[in-house]
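Chain lettering (A, B and C) follows the sequence in which the chains are written, and residue indices restart at 1 in each chain.
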Amino acid sequence: MQRIYMDNNATTIVDPEVFLAMEPFFVRMYGNPNSLHSFGSEVKPSMAMAMEQLYQGINASDDDDIVVNSCATEGNNTVIMGIYFHSILGGDKNHIITTQVEHPAVTETCRFLEKLGVEVTYLPVNEEGVIHSDDVKNAITDRTALVSVMWANNETGMIFPVKQIAYACKNRGVLFHTDAVQAIGKLPVNVQEVPVDYLTFSAHKFHGPKGVGGLFIREGAPMVPLLHGGEHMGGLRSGTINVAGLVGMGKAMELAVGNLDYELSEVLRLRNKLEDAIAAIPDVLVVGKRIHRTPNTTLASVRGVEGEALIWDLNRQGIAASTGSACASESLEANPVMAAIGADKDLAHTGVRFSLSRFTTEEEIDHVIEIFPRVVERLRDISSTYAA
Amino acid sequence: MQRIYMDNNATTIVDPEVFLAMEPFFVRMYGNPNSLHSFGSEVKPSMAMAMEQLYQGINASDDDDIVVNSCATEGNNTVIMGIYFHSILGGDKNHIITTQVEHPAVTETCRFLEKLGVEVTYLPVNEEGVIHSDDVKNAITDRTALVSVMWANNETGMIFPVKQIAYACKNRGVLFHTDAVQAIGKLPVNVQEVPVDYLTFSAHKFHGPKGVGGLFIREGAPMVPLLHGGEHMGGLRSGTINVAGLVGMGKAMELAVGNLDYELSEVLRLRNKLEDAIAAIPDVLVVGKRIHRTPNTTLASVRGVEGEALIWDLNRQGIAASTGSACASESLEANPVMAAIGADKDLAHTGVRFSLSRFTTEEEIDHVIEIFPRVVERLRDISSTYAA
Amino acid sequence: EYSQEVNRRMAEPEHRGDITEVQALKMGGKLIVADYGAESCGDAVRLFWVVDPATDRILDCKFKSFGCGTAIASSDIMAELCIGKTVDEAIKITNIDVEYALRDNPDTPAVPPQKMHCSVMAYDVIKRAASIYKNVDESTLEDEVIVCECARVSLGTIEEVIRLN
């Protein structure tokens, strides 16, 4: 059976070019870059090139830092715990602002800090699943240490007004972090235009390998490392550097940014074609205006059909989609974004997310368009809560 | 020029078998194991097998946890910071015991905690570079939360009395962590025989890939995650799982443990052969008794010859060795172990470490035995502090 | 991780559908319709029984479900287990029986552990149908402590799972 992968917000295929770039660094060029001998020094040019690709990818300046780490979860934890140690435990701040629809790597870290006495504001989102920059402005107090708002949401694809939020924070002298995991390769990400202090990303979300990520730190922004140890990464992140991972992430960044035009035109066109077909089914709600979303994502709510059952049926037909969040699959809770936009409680468990990539073909889209309505029909026929 | 790699305590070649095991998980089987579709489920059997290989490798019981993370630096930080949050900030303890020769991932984390008011005892080592278990016993107070002592030292290869220390801790109800990075594949590591509470390792030290490691947590031992987020690893370590890395680490563990007999006989024999030749050079001191060391390591001090100069010269001859610690290469400090054993201040900067692996051949050893004395002679000839 | 039987029942649930008053009358039985769960909670099931008032025997059983694959497969096997039993016998069907019936071989669980809760509703809805038929309060049929409302796992169920494994 032909298999179709439409779960690219969860993880992506490693671009074969990326794999080719990484391959030499396992069995052949395995040195530790910190070593003084040729096995150590021979890996450095490729690492330098990868760093360059990362800096260019987000247009960072040479004076800024990009710390290579193990994933965006680590990056998000590093920023938030770092601010706790720097500005809260080690300063006079006591407040963090975030949203109700951040990734758990942000919200769970904030919940952990709440237990330690930190005040956290979780801004509610509107019916499209976003906040307004004024919400941030109004929530800032004299004791606010950090604002953390994602660039784009993983479940809906909704784009947040990070530029306005960044300026609002700057005006009030508050540090601003953005989780840009879902923005890299889907939107232009330029840290010169958007004055964030911290920005996090994960390679496996843009056709790089799993287990490697990056943390941008603007020059002058405070940083307390999460991983203490040897002097790797200028003392900002210890641990032997994952050379193959870094080289792969650099290449993946270059390709992601290089393919941005394609993403914003072709991937968008394919997504819209699919979305049109989905939206044509009765009693289906697509979350968020298209223009406000990343070009690859559609989150739809299919009344009367439980999300997991839909995923199961699609999977039987060879189509990989998701209920909205890979994390949700291990827990029993409703999709948090569906709950947060909360138009209708009955829809909280009816989400299905299609997330495309530059590897998605028109043929695949056509196949999904053919299969999807049949699956919905079958499940609505079984459903106890849907009467056609 | 033939190149000879004798810096296996810094990092190791990825075993080609390990690479073969990992390879499918980049471009072909790239699913997120948390996903509900076939791309997610198809990676699970290999992950389960890798977990099994890890459990068997250290003889963990099913009720214990092994958390897959990004490296031993992360593991060490997780244990120490976790104890800080659990037993110090969240309890009535205030004291940690460790040694002066731990890896920076332990000592720097402890120094960070000192700034937060935690008391840390850094036990000094004897002239062989180890501590006695009585030193730990005597240092334990009613407020001791954790003892962290490495299984074997990365610079000298010296083996610490972890079994006795583990029992001493157990008797006093104190939690015990061991950094077993340099023990895996070099010594039998059996958590049934040695009742540690926490044990950390890094795949790239035993012919696995860089950027993936493991943290053993005995059933019932408290754990506060360092990375909060989605419910990966049973809530103990968030972040999308590095599937290829985990599969590679599992295979590497299996091979490392499977080759232990070879390591303890053949690698030992080759190391001894090399060491005999090195020790035969006048005014060369080998640190620590052979019988107390891992089978692959020799740290020698060559009077009158600065360590980095020696490494440089060896490298020109195609031989990769180290001054003792890969981390040290970025800092200007003396080798901390040489300083800690401190027999003679003049020797602090004269260390050279050869660390072998199961890939080391007799031919390579013979070549080093031929080259090394010449290099020493040349540098002593230049040396301002050595008169033959 | 899922048994073939779960996959088969999800793909082709034989007992899905509804039963009308007219159909029940034709069979010579009384129609019982019981609902359990809610869409907003993530799972909902509706059970249809045709019960012979003379013998208390369940003549036919069908279901509809808003739930995941496991919930649908569980409901289907539950319906099958009900048919031919008396109402009192049906009450004794537990989610453990349901899960067992979904196994391909007796030693391998039919669903991963985190999906066990999805079979519990099949058991709860029987209780509700029986209470409607007998016109008694549900609590008289069930005196177990509910551990988790949404997942509907009772302490008794958990103990039973532990014992059976």
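Quick notes on this structure:
Please note the rule applied: a residue touches a chain if its C-beta (ideal position, glycine included) is under 8 Å from a C-beta of that chain, and two chains touch if they have at least 3 such contacts.
Just so we're clear, the structure is a prediction, and the values are computed from it rather than from any experiment.
Chain contact topology: the protein chains form an open path, each linked only to its neighbours in the line. With centres taken as mean C-alpha coordinates, the chain found closest to the middle of all protein C-alpha atoms is A. A separation of 33 Å divides the Cα centre of chain A from that of chain B. Chain centres here are Cα averages; for chain A and chain C they lie 40 Å apart. Taking each chain's centre as the mean of its C-alpha atoms, chain B lies 54 Å from chain C.
Across the assembly, chain A contributes 308, 312, 330 as residues in contact with two or more other chains.
Within chain C, contacts with two or more other chains are made by no residue at all. Of all residues in chain A, those touching chain B in their complex are 3, 5, 7, 10-14, 16, 18-19, 22, 26-27, 30-32, 34-40, 69-74, 76-77, 89, 103-105, 108-109, 111-112, 116, 202, 204, 209-212, 226-232, 238-245, 308, 311-312, 314-315, 318-323, 326-327, 329-331.
Of all residues in chain C, only 7, 10-11, 13, 16, 35, 39-46, 63-69, 71-72, 114, 117, 150-151 touch chain A in the complex they form. Partner chain C is touched in their complex by these residues of chain A: 304-306, 308-309, 312-313, 316, 330, 332, 334, 345-346, 348-350, 381-386.
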